[in-house]
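Going by the order they are written in, the chains are A, B, C and D; count residues from 1 in each one.
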C-alpha cells in the first residue's frame, strides 16, 4: 500500500474521533511541584485545590492534580497528559519558572489557556503568539523588586549586597533587581549564590560583609532563605536585611527565630490580611481563603504560594461566564472563550491583589498587589 | 556411619557438568585423598562439599544432612576448608587471621581462643615468629601454614586441604605433609586434594582417583600406589 | 516476511500514532519512552556490554540539546543542521571527559562520571551561554517540506525512526570488528588485548558512542520540548536512564526499550492509580516507585528482558571464502630468545633469570610444578606483564616490554591457563576476535554496515581455523557452553586466527580425552611443520614428552633443567621438584 | 582576604568537613563490607536532624511511624527466608525495639528533658532504620553485582526521600544547640556547637578504631571487607557483617544529623547533598581507606568553604570537579590489568 494512501486512511479515522465531547464539566488541570526542590511551593498549592469550588456559574468543575517533581520536562509531559487524556479546559501551573516556561509551547500548540504559578515576567512578556495562551497569577518579580529598591531609596540605603538561590528563583531576582536598584540609585556591592540545601554560607556572608553594604537582599524561598540571614547576624552584620516574598510563610519565622526580626520584604497583601484596612477589598477575599486553609491544614499554615493557586482559580471563575457564552466546556470554543475571558478580567479582586488584564498584560496586577512587610515579635507586620 | 558421606554428588556450572555422580566416604580420624589430573574437578568437588558451589546429591556430616546449607552453617558444624587460593585476610596480621579462624568458637571465651592460638603456634613455629606480620607479606610456605592453622583454629571435625603443596619448595612440602600426617593423631579427619600423588598416597589411608569429573578408581592408598595404571599416569614418570 | 521487517517497522512508525481509538496521551508517552530508550540504548552498550557505569548520560544529552538550541535560537540555523552539531557536541564532550576519566576502573569510573554529572548540572545552571537556570525557550520545531513537527503524532514518527536507527546502528556496531572488542571488555579484556585490541580505544569508542546517542536524544528533546533547562540533564535524570537500563536488562539492546517503557509507564500509571488508592493527601508515587524498583531487582537481578527472551538467537554470520593475506613464512633460526627474564610481585619472585630459546618449526615444552612461574613467564612473553629485568627477542628483534597488542602485531598468539572466552559471545565470535588485527574496518564502517566484505573474510578465516581444530559444527554455540577441554581448543583456534609465527599454549591438553589429545598433537606437529614456533606449558607428561623436542623445566621461577624429554625425565633435580619424591 | 577571614573559613570548613567525614566513613565501611554504595546514608542524616528538631517542640515525631513501619516490613521480608530458630531474635530487633522506642518517646517527648535526651531519642529513632533497610532491600541481593546494588540504593533513596517529604514536610527545621557557649580566641570566635561536632566526630572515629582493632566482631567486619570468601570459610556470616555495618552507618548517620541540626537548616532531602559530598571524600579514599577518606572529607569542607567565598556560583562545580584529578592520580598509581567485573 502506498504511503500516501495509508496516511490518508489514518487521517480520516483520526478525524472521525474528534468533536465527540458534550455536556462535560469544566476540567481544570494542575501540574504542581509537589515533590523535589520546589515542594515547599507545590504542596500548599496542592492543599489549596481542596478549597476550590466544585461549581462555577452552575457548571460542575473537576480538578485533576499532577506532580511534576520540580522538573520542567515532567511538567510538559503532565501538561500534555492533562490536555490529551483528561481533556482539561485550562491548565494551572507549574510552580517554578523553568517549568512554566517549558509549558507555554504546549498551551499554545493545543490552544488551551494556562495560568502559571511562577513569578518571572518572562512567562508572559514580551507578548507574542506563543504567550497568547499564557497567564500568570503571582506578581511579577519586577513589581516586587521595584518595591524593594524603592523602599531602600526611601530608607536612605545606598549599597546592598545580594545573595540568592543558585537556581531560577535566584537568577530571576538578580535579573529584576539589578535594573530596579539602578533606577533607585542603590549600588549592588556583590552578588553571591548558594544552593537550597547548603549547610553553610559562611564564605558568601564573609564576602558580603567585606564588601561593606548598608543592607543585604536575600533572594530565596521558604526556610532556606533564613540561613544567610542567620549567618549574617552570627557574623555581626547589623544592617537591614531584605527578603523576597518567597519567604512569606510561618516556617520561615519558626526557623529564623530572633535572627529574622526586622526583616523587610514585599509581599502580596494576603500575608497581613488581618492588618489591612477594612476598606481594602482584598481583605475579605484573603481572610476567607486564610480561614479555610488554616481550618484544613492547621492554624498558621497559610502562605503566599497556596494563594497563588487559589488566585488562578479565582481568575478562571471570573472568566467562566464569558467562556460559557462562547461554547460548552470541553470544546475549543469554550477554551478560546476562557482565554478571552481571562484577558478581559477587569478589577477582579484576588488574594494577592486586584487584577485588570489586557491583551498585552496577562498578569494585570498594580501597586495594590504588594505591601511592604516586616517581622516584628515573631509575626508579620504591615509597614505603612 | 562415616564422618563424611557423599552420595551421587553432581556439580554443574555455566552449562557444563564438572562433577558427575560422585560418592565417597571419609572416616573419622583418617586421611582420604583425591588425586587426578588438572581440570578433573577436584577443586570443584571440595567447593561443593564446603557449600561454595551449588550441587545436587547428598552430603552428610556425622549423619546430619548438609544439603542446601550455606558455607557458614557447614563451618559451624565442623568443616574447614583450606582453599587452593588460601583466602587469607592479607591486610591483617598473622595473629588476627588466627583469631578469626576461631570465630566459630567465639562463645567459649578469650582463654579458649588463646589456647587454640598457642597450640597452632606450637604446630607451626614459623607463624609464632611472624605473628605481628601482615598475612600478605608472608612467603608461599608461610601462607600455606597460616591457612592451615587458621582452619585448625575452628577445631574442625573434617579438614579439607586443596593442593597444600601448590607452588611450594620441596623442603616445605615435606614439612606440610609431615604436619598433615601428624594431625591424624589429633583426631581430625582430613580430605586431601593433591596433584603430588606420590606424597598424597604416602600419607593417606584411602584414596580416590577423579578423572573427567568421575571417580575412576577407589581404594586403600597403598593399593592404589601399587596399581600399574596409577603408576603409569601419576607416578610413573619418576622411575 | 522476515525480510520485510524494516518496511513493517517504518509503516508502524508512521501509522501507529494515527491508529483509530488510540488515546493521544499514549502517543505522548510513547515519545517519552522513545527518547529515553535512545539514551538507554547507549547505556546498554556502555554499561551492560562494555561494563562501564556512567552517571553522566543526561549531561551528554544536555550537550546535544544545548548545542542545537543555541544554534537555532541565536543563529537561526535550521534545526536539521542542529543534528550534526548536537551529535558532534556530545561526542566531543565525551571525548574530552573520557580522556580524563576513562582511565578509571569499575566503581571509580562510575563515581567519576557522577562527579561530572553534578558539576556539569551546576555549570549549565550558571553559564549565560546556555541561559542559566531558566534555560533556552522558543526553540523552533523541526520542519519538513513546510510541515512543522509540533503534533505529538508527527513527533512520534520522528522519534520512532530515530530509535530504530539507534537500535539498528547499535546492533551493527556490536556485530562488527570493534563491537566484538567492546563485547570482550567485560571479562575478556586481557584476552582481547593479547590479540591486538586496543582496549583503551574500545572503551573510548563505547563511551563516545553512548554519548552520541544521548546527543541524538538531546536534539530530539530540544526541538520537541522546544525549551531546555538544566533539570532534565541533572544527576537524577542520569540515574533514571541507568535504572531503566538495569531494569530492562542491561546486556541486551531490547532491554533498553523495555526498561524505558516500563519506567515511564509505571511512573505515569502510579500517578493515576495511587491517588485513587491512597487519597490525594500525599505524593506516594516516588515511594512506591522506589519500592517497586528494589523488588524488581530482587526478583530479576539481571533485568526483565532475560526473563522474556531466554536467549537471543545467535546472529547469522556470512562466512566468506576469500582468504586473508598471510604473514610471510619466517626464516629458519631462533624465533624467540629469552635471557635473564625476571619478575617480582611484592615479596615473591615469580620468575628469576629465565633463559631459553626456541626456533621456528620447533615445539618446546615448559614444565614445572604449579606455581613455578610458567604462567607468569607466558604473561611476560606476551606483553601482558612487564618484566623487571632481562630481554625478549623475537626473530632477532628486541621486544622487551612491548604491550600485549604490540606483541600480537608481531605475530605472537597465545591461549590461557584459565580459559578466557567472552561468555556473551558464540564460539565463532570468540575465534574471530583473534583475527582483529587482520581487519581494518573502522567503527563507523561497522555502524553503517560498510564492513561486510571484510567481516565475511574474517569469519571465513575463523571458520577455517575452527575446521582445522575440529570444532566447526559448534561454531554458533555460546562459547562457555562447551566443555572445558573444548574451550581450550577454541582458544587455539582463536590464536591461529592471528596468523601467528609464535604460538604459546598454556595447558592445551587439560581436560581432553585420549583421542582428542592425539588429534591436538597431530595439529601442533603440522603447525610446526608449516613454520610456526610453539611453546607449550603442559602437565600431561605423556602428551608433552611425545610432542616436544625439548623440555624446559622451571621451579621457583628458574630454569632447573633443559633438554630432550628422555634426558629430563632422568634428571634428579626434576624428579625431586616436580615428579614428586616420597615424603 | 585577611587572616581572620581565612581562619573563619577554615573553621567553617572543618566543622562541615567533620560531618562529611562521618558520612564518608559510613560509606567506606558499608561499601567495604557489603559492596553497597549507600546513597540513602544522607537520609539517615536528615531524618535524625529533623526528628531532633521536632522533639524539641515537645511533640512525638512522625518518624516513629517510619521506624515501626520499616521494622515490621523488615520482619516480614526476613521471615520469608529465615529459619524458625532465629525468629525470636528477629522479632526482638524489628518489632519489639521500635515499640519500646516509640513508647519511651511518647512518654518523654512532652516533658522537655533537654537536648541530651532529645538527641539520644532522635538517634534511637533513626539509627535502626539502617539495619531494617538492609534486611528489606539489600540482604536478598547479597550476591548481586555492584551495579545492581547501586540501582537498589537508588530505589531505596527514592522511597526514603518520598517518605521524608510525607513525614517532615517540605520546609526545613533547625534543632537546638547543645550549648550556646561561645569561645573567644584572639579575634576569633568559636561556637560551642562547633567544638561539640569536632569532638564527637573525633570520639566516633576513635571508638570505631578501637572497635575494629580490638574486638573480634570488628576484626570479623574487616575480614569480610578484605576477603568475603575467606570470611565465610571461617564462619563469619557475611549477611551478619552487613547488618552490623548498616547498624554502625545508621548510628553514625543519625549522630551526624543531630550534630549538624543546630548549625543549619535541614530539609527532608538535604541529606542527599551532604551524602554526595561525603561520597566525594569516600571516593578519594577510594572506598577503602578510612584515614584518607577522613582527611579528604575535611578537605572537601575546606574547599567548599573557600570556594563559596571566592566564587559562590561555581562552588558545586569546583567541589565535584576537584575529585577528578585525585581519582586520576589514584588510578595511575594503581594500574591494574584485571578485567572489569
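Note that a residue touches a chain if its C-beta (ideal position, glycine included) is under 8 Å from a C-beta of that chain, and two chains touch if they have at least 3 such contacts.
What you see is a predicted model; the values in this text were computed from it and never measured.
Asker: Using C-alpha centroids, which chain lies at the maximum separation from chain B?
Answerer: A
Asker: Please tell me the distance, in whole Å, between the geometric centres of chain C and chain D computed from their C-alpha atoms.
Answerer: Comparing mean C-alpha positions, chain D is 37 Å from chain C.
Asker: In whole angstrom, how far does the Cα centroid of chain B sit from the Cα centroid of chain C?
Answerer: Those two chain centres are 38 Å apart.
Asker: If you average the CA atoms of chain A and of chain B, how many Å lie between those two points?
Answerer: Here chain A and chain B have centroids separated by 74 Å.
Asker: Taking the mean of the CA coordinates per chain, how far is chain A from chain C in Å?
Answerer: Going by mean C-alpha positions, chain A sits 51 Å from chain C.
Asker: Send over the residues of chain A in touch with two or more other chains.
Answerer: 35, 166, 193
Asker: Which chain D residues reach two or more other chains?
Answerer: Chain D, residues with two or more chain partners: 162, 165, 313, 316.
Asker: Each pair of chains that touch: what are they?
Answerer: A-C, A-D, B-C, B-D, C-D
Asker: In the complex formed with chain D, which residues of chain A make contact?
Answerer: Chain A residues touching chain D: 35, 37, 39-40, 42-43, 163, 166, 192-204, 206-207, 210, 222-224, 226-227, 235, 249, 251, 254-255.
Asker: Within their complex, state which residues of chain C touch chain A.
Answerer: 11, 14-15, 18-21, 23-25, 27-28, 32, 122, 125-126, 132-135, 137-138, 150-152, 221, 225-227, 229, 231-232, 236, 268, 271, 275, 280, 283, 285-286
Asker: Which residues of chain D touch chain C once you look at their complex with the stated criterion?
Answerer: So the residues of chain D touching chain C come out as 37, 136-137, 140-141, 144-148, 150-152, 154-163, 165-166, 276, 279-280, 283, 286-287, 313-314, 316-317, 319-321, 323-324, 327-328, 330-332, 336-341.
Asker: Can you list the residues on chain C that touch chain B in the complex?
Answerer: 346-348, 369-372, 423, 478, 480-485, 507, 510-511, 513, 539-542, 556, 569, 575-577, 579-583
Asker: Which part of chain B faces chain D closely enough to touch in the complex?
Answerer: Residues 50, 52, 70-72, 75-76, 80-81, 83, 87-92, 96, 99-101, 103-104, 106, 150-151, 153-154.
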